[in-house]
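Each of the next two complexes has subunit A plus one more chain, namely subunit B in the first and subunit C in the second.
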Partner chain A sequence: MDLMVEGVSIALQRGEELAYPARRISFTVKPGEFLGLVGESGSGKSLTMLALLGLESCSPGVVEGRVRYRSEQGQLYPLEGLSHYVRWHGGLPRKRTAAWQRTVYRRMKPLLGRRIAIILQDAHKTLNPFLRIEDQLLEMVARQGRADAEKAGWWGRWRQRRSIHQQLRQEALRLLKALHFRDPERVLRAYPHQLSGGMAQRVSLALALASRPEFIILDEPTTGLDVTLQAALVDLIRQLKQERRLSGIIVSHDLMFVGKVTERMAIMFSGELWEIGPTHNVIHPDFPWKHPYTSYLLSFARQKRRGSAGPAFQNVLWQRPKQGCPLRKSCPVYLHQLDMEQRRQCDSADPSPVPVFPEHYIRCWQYAWEEQKHAAGY
Partner chain B sequence: MKRNASRKTGLLTAGLAVYLLLVLWGSTGWFPKSWQQVPSRMPIYQYSPPSREHPLGVFFQQDLLITFVRSTQASFVAGTIALLPFLALGTLLGIASGLPAGFAQALANRTIDVLNAFPRFVVLLLYTGLFAANLYHMLMLYGLISAPKLAELLRGRIDQLRREDFIDSCVALGLPWWVIVRRHILWHHSRHLILAQTFAMFAMAIFMEASLSYLNLGTREHYQSWGLMLNYATSVSGLSLFRFPLSAQFNLPAALPALGLLSVTLLLVSLSRYWEQQDRLKMGRMF
Partner chain C sequence: MQPVIEVQNLSKNFTIRYREDWRVYTYSKQAVRNVSFSVFPGEILAIVGESGSGKTTLGKMMVNLVRPSSGQILLNGQPVQRLSQRRFQPLRHLIQMVFQNPYASLNPMMTVREHLEEALRLADVTDPHAIEQEIQQLTQLVKLSPQVLTEYPDQLSGGECRRVNLARILARRPRILILDEPVASLDFAIKQIIVDLLLELHQKLGLTYIWISHDLEIVQAVAHRILVMFDGEILEEIPRDGSRRDGCGHPYTEILFTAAHRLHTWEQEDFSTLGAVLPQPTAGTTMASRERGCRFRSFCQRYRTIGRPKLCRETPPRFKTVSQNHLVRCHFPWIENPEVTPK
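So, the complex of A and B:
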């Protein structure tokens, strides 16, 4: 059960302007592994995750790249040919939206809620306010045994409706107990507004886990949770990884939280991936190779800059320079540490990912120069 | 809160009781024999005052109470006949036009535009001109051509709900679209709207039935109607419709349909308020 994302770009059109909230995103999530996607708000993390499942709401949306998912049984679910639905007219994409949506629906139907589950931001809002938790949870639990139920036929289902309901309820109670609810019966009877932030978060996790997925995407799971609930969530995710052999992606702006539960981490800013590597390397303060933006994020996370904004990296989503590194105008390394020759190179071309360690890539010219020196025998 | 709820339940029960009584009575067609026996030599438009045999008197050589019940039945039949195609087509068009862009959505939107383009009453008159006038068919047609009203409201509701996070979450968790539409959109978020449109349509259908009957369009052999009575009043007795007040006997046939309509309205309003209160409690809001 691995997910392969290859060169996915998402476009967003505003009049005659075109921006890329996600540009040439590539990564792989291996079986049993969690990848953390970290970046500040507005860096395109959530949109990228939605786009992987064909759920992005922006127009024209995905314009290039492909996503492949290999299940536990080795079946390959390709979401290829995304760009097939896009025609370019004068530099602007025109997407055949209806055909695209039909294709996505057809291709994602066997995956969504069965093999892959996604939990969206703000757990309270993702629960239907008019339905009891029981109704929402049983709806998802019932989908798991849908094949058996369909064999019984509608008359069989109608005759056994009480026992089926009881079975589903027991399954839902087991699930809630596994998620450390003290009184699952009470939770089942509750409406979403009667739950606290942490409880709502765990209920939405229960909804996602109800259909026993192999792969799970958590979008900002710590929003609105205090530190104790965050710690509980860390334990829960670790436990699920061990018990269910789950793989997944955790999208968050909380570097430290993601550092506790993932094996690999990707740093995203302004719609692009700048660094991807083992979590320990990325967040360790003494690891020598870091992207300037990662160092910037880490300095905030470790509260060195508490109280002062400092020179911030500028989001260049709508004002991306036509050539050169898009972050250079606000990069402290470019502004304070490079000589004229090196600056000229930063101005001239976009950096490519450079391997600095096994499975650790950074997109920055300073490591490209180091690699060139290394190759030249210095 | 308890007192308020019991008042609403009382309204609901009263509306339901009156409705069932009138519909059942009208549909069985059972009346005491004494009511059905009318002196044959009586002039057609002479009103005979209430007596022991005829509690409301006799008019048009018919017992007025029988006329009232039959006219109520006629009104309810009219309302129901128009309501069924209205709800079916309106919901279907509303769902289709709320779907993501595609052939079904375009077809539904164009159908709504076309149906909206023609005045409803003119379409009914055209239909009468082209085919033999049958009141049932005309009321069904009225239900069909009124469907865009419901469809447009549902389209707006679906458009609004599609942006809600919990609908996105349902899609992301792989619920089939028809389950999302039926369970999460139609039943739990649009039922007030459908209910409000239902009783507006019911009243409009009864009004339309009276109007068509007044114009002598449609078959009227088996039952009486308010419109038909008014027509008789203006044509047979030479009274002008605009000369108010008309004699009580001409307006009385409207009393029971009006009472029936009131009972339906009470029923639907109570149901709507009950749902509203339940939803408010579910959302945890006191006001």
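So, the complex of A and C:
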């Protein structure tokens, strides 16, 4: 139901150099709520998402922070939080990777594919190329069916004994219909390589939904889907939120799509969260408080006609400055709007999140000053 | 003006075989049905439609990668649909296609430089000095940094990979480019950059584009003419600015534009009403059963609201001219007041 992420950092080591594709990421996803993780490619959003489930494969991977998940019944599952597997020697982490992997796997096993479903970016990779869609989908439906059958008791099972396969097939067809397949029968017969990218995307969504998860993680769900299907997906996710109180995370670079289905949105760039808040506030052009990077993102989404949207922000994954705000070298506010005094502040320290609205935090010095003024009684 | 490409009554049937229960079944799928249009020099013609509507097959037929089942393709007035690959070879200087998946069209064992050299060899540039110069020019043309030349395709980012593909294709100096989803699955900033690059090349080299896409936002901003495809048929031909102004159009185009519009507005709109807009077949019908009458009618909201007229059930619609250069394949193309009496 709810996922609590507290200060997770992922490290990448290249010789003596250390970079953080995700640095002290913290957020909470509440029941029945979707969180959108938005950023351009290379900003570390996919990696963060994988790390939440212990699936990331970079080395040394997660080095600090913890992730916990609370199920519908209120049981608390610790997922990450294994900082005792990491020792720091001269500023570099040494991690007992095998033991860590084993532990994370043991912790994830009761959850993944049961309570938590995940849809990866490349749908063709999630499907088994040797099996027909029917066999893969019915397996997931049947797993849920077995759980239902156990609830039904021996009399229920006796009544259902004949047509189990037919029932499962009907269930699978119903799922595919809900995902707007024109010819579900043909899809069931097909092998994954016979499907187009968009179809494979929808099939993997069907696989994920077949296990009736409480929490769903979608990585770039709109790639390969055309407009009508994107609109249908918006509709489907809203419906699931209402009916099953499904919650989840959507990782995407499509700001408008994420804006349609999520309650809260986090803006990520260069491995760090810069803004997190209610979606309406974050994406609305008239909302007064915005991180400079967010306004840069919005300038792309807003323009109908073509034309460049100003100089790009530079990703500082490997060249992160020792002190000061890491984005300041390419930040238009820093370059054009601030006076010397204020710039000195930006140069001196990394900004910390400032609340500008209930549950809306921005990491930028501009708002920290406003906050200080408020505190001083201006 | 003489069209550079003329497509007349083009169709493609695919025979699909599959095995089930130790028997082999075959059925025929018509990917493109009786399509006719022409492309004029210097034009950007967009083809939009949902996935599986036959856009890519149409593009592949124009570069002789798929042989049409029937119909004609005239390149500069010359029929090419029955040419062998060898006979078509000289025409590849004229027309080239950029494929949807840029990684799949590059060889993972070759560096970017080797790709460009190979393309130049095919363009009959043999002198090593000339090759070096051409590579310089091409990388500048597509704004590729020179460091990329020594890299392998798996080291490239999505945007770079698309640039390499473009450079490789431009080495043969084509006049017509068929762009199959040139900016799909790219990040917003890179998408913008690639679109700008393509338009710049269009200006600079005087190219003709056939832009296959499902991204209506970009297509509307870029294209001179839009063809809307559904299930292998062209349903509507929209001239540049006449798109939504004259209040006419095919109901399918209506669906496409409504969905795109709702996804791209700021307000948290109510999507529950969109269920009525989205194409949903009425119960018990499939596409295959639509041999008579309008093929779109089982998805058509307008057909239902005007009382399922006999005309739609009996006669397949022809193109109607609703305003200048605006053709709609629908019996009732007027949106505002469909003045019809159900029969």
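What we mean here is this: the second predicted complex is superposed on the first by the 347 of 378 C-alpha atoms of A that agree within 3 Å, B and C clash if a C-alpha of one lies under 4 Å from a C-alpha of the other, contacts with A are read in each partner's own complex, and residues count from 1 in each chain.
By our rule, a residue touches a chain if its C-beta (ideal position, glycine included) is under 8 Å from a C-beta of that chain, and two chains touch if they have at least 3 such contacts.
These numbers come from a predicted model, not from an experiment.
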item: Which of subunit B and subunit C A:E171 touches, first, second, both or neither; value: neither
item: Which of subunit B and subunit C A:M199 touches, first, second, both or neither; value: second
item: Partner chain(s) touched by A:D2 [first = subunit B, second = subunit C, both, neither]; value: neither
item: Partner chain(s) touched by A:H280 [first = subunit B, second = subunit C, both, neither]; value: second
item: Subunit B versus subunit C as contact partner of A:D235, first or second or both or neither; value: second
item: Subunit B versus subunit C as contact partner of A:D350, first or second or both or neither; value: neither
item: First, second, both or neither for A:E263, with subunit B first and subunit C second; value: neither
item: Where subunit A meets both subunit C and subunit B, residue numbers; value: none
item: For the subunit B and subunit A complex, residues of the former touching the latter; value: 100-103, 164-166, 168-175, 179, 183-184, 188-189, 279, 282-284
item: Residues of subunit C defined as touching subunit A within the complex; value: 18, 20, 49-52, 157-158, 184-185, 187-190, 192-193, 195-196, 199, 214-218, 221-222, 255-256, 259-260, 262-264, 266, 268-269, 271-272, 274-275, 278-281, 286-287
item: Subunit B-facing residues of subunit A, complex; value: 50, 53, 55, 57, 97-98, 101-102, 109, 111-114, 117-122, 125-131, 139-140, 143, 191, 193-194, 204, 207-208, 211
item: Sites on subunit A touched by subunit C in the complex; value: 40-42, 180, 182-183, 189, 196-199, 220, 223-232, 234-235, 238, 253-257, 259-260, 280, 283-285, 297, 300-301, 304-306, 308-309, 312
